[in-house]
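Letters are used for the chains, namely A, B, C and D, taken in the order the chains are written, and counting of residues starts over at 1 for each.
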Amino acid sequence: MAPRIASSAADAVAEIKDGSTVLIGGFGNAGQPMELIDALMECGATDLTVVNNNAGQADAGLALLIKERRVKKIICSFPRQSDSWHFDEAYRAGEIELELVPQGNLAERIRAAGAGIGGFFTPTGYGTLLAEGKETRVIDGKGYVLETPINADFALIKALTADTMGNLVYRKTARNFGPIMATAAKQAIVQVDEVVEAGNLDPENVITPGIYVDTVVALGGNK
Amino acid sequence: MSNYSSTQEKLSRDEMAQKVAADIPSGAFVNLGIGQPTNVSNFLTNEQGVTLHTENGMLGMGPVATGEDIDEDLINAGKIPVTELPGASFFHHADSFAMMRGGHLDVCVLGAFQVSEAGDLANWHTGAEGAIPAVGGAMDLAIGAKQTWVMMSLFTKTGESKLVEALSYPVTGLGCVSRIYTEVAIFELRDSKVFVRSAHGISFEELQSKVSVELTKA
Amino acid sequence: MAPRIASSAADAVAEIKDGSTVLIGGFGNAGQPMELIDALMECGATDLTVVNNNAGQADAGLALLIKERRVKKIICSFPRQSDSWHFDEAYRAGEIELELVPQGNLAERIRAAGAGIGGFFTPTGYGTLLAEGKETRVIDGKGYVLETPINADFALIKALTADTMGNLVYRKTARNFGPIMATAAKQAIVQVDEVVEAGNLDPENVITPGIYVDTVVALGGNK
Amino acid sequence: MSNYSSTQEKLSRDEMAQKVAADIPSGAFVNLGIGQPTNVSNFLTNEQGVTLHTENGMLGMGPVATGEDIDEDLINAGKIPVTELPGASFFHHADSFAMMRGGHLDVCVLGAFQVSEAGDLANWHTGAEGAIPAVGGAMDLAIGAKQTWVMMSLFTKTGESKLVEALSYPVTGLGCVSRIYTEVAIFELRDSKVFVRSAHGISFEELQSKVSVELTKA
């Protein structure tokens, strides 16, 4: 199905309900779908499980969702930062659950969900605190941990350009988690600078095929 | 209220393909297996806006290529030269099968040797002595799509039903088939029952007499 | 390391030794590295394990390697074709070992090797002959088979263009197994139409980063 | 024949980075961790032809961006704006960590809290009461590259050696470190031994007296 072209960020996230699991793209500010996160803040959905590399920074975006206690659980690799004060406070108060995952396992678990893989043995984390309680196995003399897919209800991601079929291209290191998150969510909601007609993206250079994209909103951009 | 219908004549191969095509939801992402299912693409309308996937790494596959459009780098799963439509995309084999296995295709249409009443599919290997097995993407396709539909003749050359209680041929995928299009009937497998949606050139009673599984009018 | 630019297909495959495991790209003729396969034929290496989607067709390429009994084992998804007579004969004579793998599992096993994954649970093949003897597991009510990575000594692949850093772009459905095979082999040997200076491929559109490419040979082309 | 050498003065941070840079094989693909290891890039020469990887999806990373070159979509793992060099490529996170985990990077340089004589690395978590843990790509980097090198000061502020018999901090990766660059010595871990390649501002004997693991002159 060609994606729905939403009229605004608010319109794009309107279906996100309480209790949803939401993948949020971005690494630092690059690829962070700021307008979609703000719209998620506005729409009022709560009791969310959020998957992101970090746990919010300063007084914006994901950090505000956490400040307002809308996130019951976060799955991420790097929550603690110099400006992660809202997460730090919620965590210390026992008001947010943290599942800490090594970054590569996080990425591979998201990919596994999109690729229909039931679980995989990864060497990352073997012998560490983050493998505690997980199944492990030694294969050809090397230790591995069994990791499971991270499926989600929604993905909020940022790309550079979409065509009307939902095909996406990204920009530089803003690509990061976008392509795999689009595959792992029941509904992928994408903010882009611009939507172009199908046929205007070179099929060789499409990074996310439109099959993964459900909703697109064009927000302009200064690039 | 019954949805069951019947016609006097058996369906031709084109009519079967037409029925399948008409049942594909508009906007669907679809993989058509090699052989008879490929014919379905001839009956899809532009208005349906269906996007075709080919396992060898493409979405937005267009019709078979002819003349100057033939390009040996642009082929379908049957290794036939095809064309690309606006909005197409290319990807590598792991990504292509991730798309399949991850449940992103809406419908996959396959041929079959046998289908069981539980929706088990056999279509890759006769199991015959000395036969060289080959599987290709059959097992991935069978279990990957949201819906797997089968097109086949209902009876073997010796008159045995290919819709069976339990497979006698080697399994391709378990419990994956939800619809079967044959020249004499269209079946829907759901709620642990086999519904007959329509019969063609055969009465429901005669159909039931030739098929060992219990049938229910849809 | 920037890849070695070989002077000929023969030069490109010169290091392939008896007993090697060789991944060979291509699906049908698309992406098949014909000149590299011919050079492998010429170089005399034998006792090979070959991984390809098929098992050779007609009287060319991989079929000839099999005809000459240079392949002791083939790992593939679709050996039997109307023109696979050399494979058929070798197989019936018990002179080639066949490991038959569903195509998607083949692709995922090659990817796993390149990605350092020790094994993964796939639903494909569950309950079939091709899962016999393999570990299985029911996860959330769905059956899965444990599949293992396919590591290799060499990959022979065909791309459209390489730059001097080994970055590759492909052409249409000739991409197929190339990108994953490049990641799974100790040495990836690539035939391309053309080698261009680094900087001439758009970094957004590189499909195989040069880190995976060891040897490149430019053979011209008519595209 | 001994390769062991020594100098009168401790190494400065820049000298440590210089030593690491000089040891990186030409043409290598390298990931430099956040903090001190990042400094190594300042001492790599063009002739070395080293390609830098950043975990957030890029090969061919250039120097830190300044002025008009700053682009918020082009950052390194430390979220600092950087530049791209000719021959760069971008890829998504799963591909980036597959590159790491699959053993494709030649060298990874990381900071550390502790390294054990077996090459076990601790660098992600102090384990202190109330500390909020964060791991990022540390565990992937530690075990992914063909060689993992550590840069650290050899002693804590209270004078304890960070090169230890067994880690007291939580593990990042087991048996992964092969070299340690410190201000007073460079260590090589191989054949179940800890070799001292060079000592700086300290005698071998004094070094041994301050480090509980058994040292061997390289």
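Please note the rule applied: contacts are C-beta pairs under 8 Å (C-beta built on N, C-alpha and C of every residue); 3 or more make two chains touch, one makes a residue touch a chain.
Since we're looking at a predicted model, the values are computed, not measured.
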Topological distance between subunit B and subunit D, in contact steps: 2
Common touching chains of subunit D and subunit C: A
B-C or A-B, whichever has more C-beta pairs in contact: B-C
Between subunit D and subunit A, distance of the C-alpha-averaged centres to the nearest whole Å: 29
Whole-Å separation of chain centres (CA-atom averages), subunit A against subunit B: 35
Distance from subunit C to subunit A - Cα centre to Cα centre, in angstrom: 33
Contacts with two or more other chains, residues of subunit C listed in rising order: 108, 111, 115-117, 122-123, 170-172, 203-204
Residues of subunit D touching at least two other chains: 58, 84, 90-91, 98, 100-101, 144
Interchain pairs in contact, sorted by label: A-B, A-C, A-D, B-C, C-D
Of subunit C, residues touching subunit B in the complex: 27-31, 53, 77-81, 87-88, 91-92, 100-105, 107-108, 110-111, 122-130, 143, 170-180, 207, 223
Subunit A-touching residues of subunit D, taken from the complex the two chains share: 54-58, 71-75, 79, 84, 90-94, 96-98, 100-101, 125, 130, 132-140, 143-144, 170-174
Contact footprint of subunit B on subunit A as seen in their complex: 1-2, 111, 113-117, 163-165, 167, 183, 197-199, 201, 203-204, 206, 209-212
Subunit C to subunit A touching residues, read off their complex: 108, 112, 115-123, 137, 139-140, 142, 144, 148, 169-172, 202-205
Subunit C contact footprint on subunit D (complex, rising order): 26-29, 49, 51, 53, 58-60, 84, 86-91, 98-105, 144
